[in-house]
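Here the chain labels run A, B, C and D in written order, and each chain numbers its own residues starting at 1.
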C-alpha cells in the first residue's frame, strides 16, 4: 500500500501549516520486541520516514569474550539470542573447533542436530505467536505457542540443566549425555508436534484478516535481499534457495533428507515470511524424526582440554540459525584467549532493510514488518 | 470456492475447541516442571516459610533431578565438612569464572584431607549470588571434583550486601546430598573419580615396579660389571 | 413534583444504575475467564471471599480490581488539558448509561409504578438512540486530544473516523426493522416480535442482524475493530495517559456501551424479552433479555480471542465499500420480500423469498468482497531438496 | 573454489596482496571500491560479515637468513594497524568464503566504504566505525550505532581504558572485582 505523499510546499504556499507527526516508537513499546526504537515520521497514518535506533542493550559482548578463555565465553553466547541458546552455542563451538581441530563423536553430532532443530521449533513457533500478536490478536496463538515451547524447554532443562541459558555445547562435543529416557520423551514430543502444527495452521493460515493484513506488506525483492545480506527464513521468503544446512552441510546435516521451503520471489512480503517459518517447522520435525531414529550410542565429547592454546589462525564458523546466518569469527594468537572474537548477528543485519520495507506503509504495517523480521535485541545490540 | 469468511470460522472453531477442551483435558494447559518443595496445601505464606534446609527438598516431585543447576556448592566426603573438604584452593575456578564471582583465599598451612594427605584448603571461599550466572564453568574446570551445582533456588535474602555473598561454610554440602539431588551425574562422577584414582594408583604401582625393576637391573648390571671386571682381572 | 413521580423515577432508573454496573463487573470476570480458557489458561481463580482461602472461581476479582483502580494514583500529564482530560471519561460514560433507558426492559416492579414501566418511553427511541451514541465519539476524541500524547491523538483520530463511518451501516441495517415494524418506538418493535416472530428469523432480518452486529463491534471498539486502542501499534490509544479511576470510568463506559448496543440488537432483531414460559412467569422477560445480551457479548469475547485486528484503510474500506452497499441492498431485499409475502401468502412464496434473498446477499457480498479487498489468498510454496 | 578464486583476483589486480597466514586478500587502499565492484560482478553477491581487528604496535622477533647464510633472530617493530575484514560468499554459486581485508593505520584510520557495493555492510561498517573508530569514506550514513552519540573513544580498540567515572553500583561483588583489578588473579 503506497500512498503518494501530499506536496507540502504547495500546501504551505496556500497558507496552510502542515507538519509531520514525529513519533519515537520505543524503546518501551509493546511491539518492538525489546528495547528497540524506531523514530517514525507519520503523515496521518502513513510512514514517510523511519530511522532505527540501536544500542540500548549493548554490553560489548565481543570485548568481554576477548578478555576470557575460549570456554568461559561459551555461557555468554547463550545471552546473544536468548531464545536460541543452543544454536548460538553450536555456532561458537563450530568456529572454535576449526581452530583446534578436534573430532566430534557421532552421538554428539546427532544430539547437536536434535538440539538445533528443537531450538528452531522453539524460535519459529514463538515467532509466529508474537507476529500474530503484533497483528493484534489477543495472544491466543502466542499462548498455544508458549505451551509447545514450554514442553521443549523442559527437554532442554532435563538435558542441560537450564531452560534458556543452556550452555550445553562444548568444543568437541557436548557437556554431558542426555539423561535416561530423554530420547523417548523427545520422540513423543516430536510425534505430537505435527498435530499441534495442524491446529495452528487451521487457526492462522487461512484467516482472511491475517491474509489481507500481511499480503503485499513489506515487500522485499530478491536482489535487495541478497545484496543487503538478509539470511534465514526472510531470505528464502524473498525467493532465494539458500540454506546453510544444505550449502555448508555443517555437522551431519548431509545425512538427513529434508526440504527447504522458499518462494518464487514474486512477493517476498510478510505473509511469505510467516508461511516459510510455518513450513520450516514441518521440515524440522522431519529432521528430528530421522535423527532420533538413527542416533547411536557412544562418547559425547572428544578429547579436548578445558583450557587450550590454539595456534595463531583465523576461523569463521557459521550455521543456519533460526533467525539467519549466525557466524563467529575468531582470531587466535597462541594464548588461551581469542585475540579477536566477532559475532555476525543475523538479527542486526536483517534490520538493514527495515526502512526500505516500511516506507509508504501504515504505522500498523511497520509493527508487523518488524515482527516478521524476527529480531532479538540481545543479539542486535550484543 | 471457500465461503466468505471461511478462514475466520475455521479459526473460531479452533478457539472453541480449545475453550471446551481446556475443561476436559489437562494436556492443553501450559505444563511446567513442578518446582514445588512442599505440597500445595503448605504453600509458603511469608518469608520464613521458605524451605532453607537441604532435607526439605522433595527431589521426587521435580522432574529435573538430573542436571538442574542453580548455584555452586562445595563438596566434602563423609565426615566433618572441613576435615574432608575436597577443595585445595587451587583457584582455577576463580580464574575461569566468566562473571568473576568467586573469591578464594588459600590457607597458609596444610591440613590432612579425606585421603589423609596434607593439602591446602580454602580459608575463604565466597560466591556472589547476585553475579553468578549458573553457567557451571567452575564445575567443569575443577580438577578435584570439589565444586558442583546445587539445584536449590531459594536464595533470596533481605540483606543485599552480606546476604548475597555466600560463604564457604554455607557452600559446603556432603557428597550424599549431591547423590540425592543429581543421582545420575553423581554416580558417573564418582565412577570416574574412582577410575582416575585406580589409574593413578596403578600408575604409581607401575612406576614403583618400574623403579624397582630398574634398580634390580642396575644392581644386576653392576654385579655383571663386577663379574666381568673380576673376569678381566 | 409529586412523591409518586419521584418514586416512579427512582424505580425506573435505579435498577438500571445497579444492575448494569454489576453486570459489568460480572462481564469483566466472564471475559477474563473465557479468554483464559480459550488460551488454555485457568484465569482469575484466587480472589473470592477476603481473609479466607475460598476462591469462588475468582469471582471476587472485579471487586479487587475496582478497589485497586480507586486507590491508584491519578496521573495527569503536565502538558495535558486538565479540564477535558477529566471530562472525557465522564462524557464517555453518560451516553452509554442514557441509552440503557431506552431498552424495553420490563422489570417486574413495573406494576408498582403509576405510569410507564420504562425509564424513557419515547416514540422516536431508535433515532434518539443513535443520536446519543454518537456522543461517545466526542468523548474519545476529547480524551485523545486532551492527553497531549501522540499515541492518544492517533487513537482519537482513528476512533472518530471509525465510529462515524460505522454508524451509517449500523443505522441503515436498523432501518429495515423500522420499515417492517412501522414504528420507531422500542416497545412497539418489541411487541411486534412476540411469539417468536423475531426479525432475525426472516431473510432480510438475518442479513441486517449480521451487518448490525459487525458494525456494533466497530462502534464499541471491540476486536477485530479495536483500532483506537490498538495495543501493538499505539500502546493503548486514547486512554494511554489515563490511570486510576478515570481509566476505570472509560472501562465502565466501554462495557456499558457494549450492553447498550447489544440491548438494541436484541430489541431490534432478537425479539427483546420474548422467550418461552412467559405466560407462566412474565418476569422472565427481563431474564431472557439479559441472557440474550450475554449471548451476544459471549460472541464478542469469542471473536476477541480469535481474531487479529484490521488495518486503518482496510477498516474504512470495509465500512464504506462492503457494509454500506450491503445494507442498502438489504433494504431493497426487505421491501421486495415484504411485498411478495403480502401479495402471495403461503409457503412457496416464503421459500422463494428466502432463497432469492440469501443467494442475492451472498452474490452481492462476494462481489463486494472482490472489489473492496485485495486478492489475498493462501499461496503455494516451492521446496528445494 | 575460493582458493582458486583469490588467484584470479590477484591476476586481475596485481596490487592486491595475498596474506597466506590469514587466508585473506589485502586490498590496496586506492581502488578498493573498484575491486569490490569487480568482485560483485563476478559472483560474490553476498557479504556476510564485516568487522575490524585492532593490532597494537608490537615487537616481532623473526628469524632471517643473513648474507652469510646464518640464521639470526632480529627484533623489529611492527606498526599498529587496523584491519577491516569482509567475508564474501556467493549465493548464486554457493561458494565461499573469500576473505578480503582493508588495512589502515591506527591513527586517523580511514578506509573505503564498501556499502555502495554490498548493502549488508551498512550497519556493520557503522559498528566498526563506532567501536574501532575507522572512518569509512563514502558511507551513506555514518553515525554511532551501539554507543550513544556523546560517547568518547572507541571501546573495541585494544588500548581503550574505561573512564574513571564509569557508572558503578556497589555490590558485595566489589571486593572480588577489586582483587581482580589489583592483578592478584591473572585472568
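Side notes on the structure shown:
To be clear about the criterion, a contact is a pair of C-beta atoms (placed from the backbone, for glycine too) under 8 Å apart; a residue touches a chain by one contact, two chains touch by 3 or more.
As the structure is a computational prediction, the values presented were derived from the model and not from experiment.
Greatest centre-to-centre distance from subunit A is found for C, with centres as Cα means. By number of C-beta pairs in contact, A-C leads when B-C and A-C are compared.
Centre-to-centre separation between subunit B and subunit C, using Cα means, comes to 61 Å. As a whole-number value, the distance joining the C-alpha centres of subunit A and subunit C reads 42 Å.
The distance from the centre of subunit A to the centre of subunit D, with each centre set as the mean of the Cα atoms, comes to 26 Å.
Spacing of subunit C relative to subunit D, judged by their CA centroids, is 63 angstrom. Counting partners per residue, subunit C has 38-41, 305-307 as the residues that reach two or more other chains. Looking at subunit A, one finds that residues 68, 140, 143-144, 147, 203, 205-211 touch two or more other chains. Each of residues 187 in subunit D touches at least two other chains. Residue ranges of subunit A in contact with subunit D, taken from their complex: 54-55, 58, 60, 62-63, 67-68, 224, 226-230, 240, 242, 247, 312-314, 316, 318, 325, 327, 329, 331, 339-340, 342, 344, 348-349, 351-353, 381-382. Put simply, subunit B touches subunit A in their complex at residues 2, 5-8, 10-11, 13-15, 18, 28-33, 63-64, 66-69, 96-98, 133-137, 140-141, 149, 184-185. By the touch criterion given at the top, residues 1, 21-23, 29-31, 42, 45, 132-140, 143-144, 147, 203, 205-213, 215-216, 241, 243, 246, 259-264, 267, 271-272, 275-276, 279, 362-365, 367 of subunit A touch subunit C in their complex. The residues of subunit B lying in touch with subunit C in their complex are 4, 8, 11-12, 14-16, 18-19, 21-23, 28-30.
Taken in their complex, subunit C has these residues touching subunit B: 34, 37-42, 302-303, 305-307, 362, 365-366, 369.
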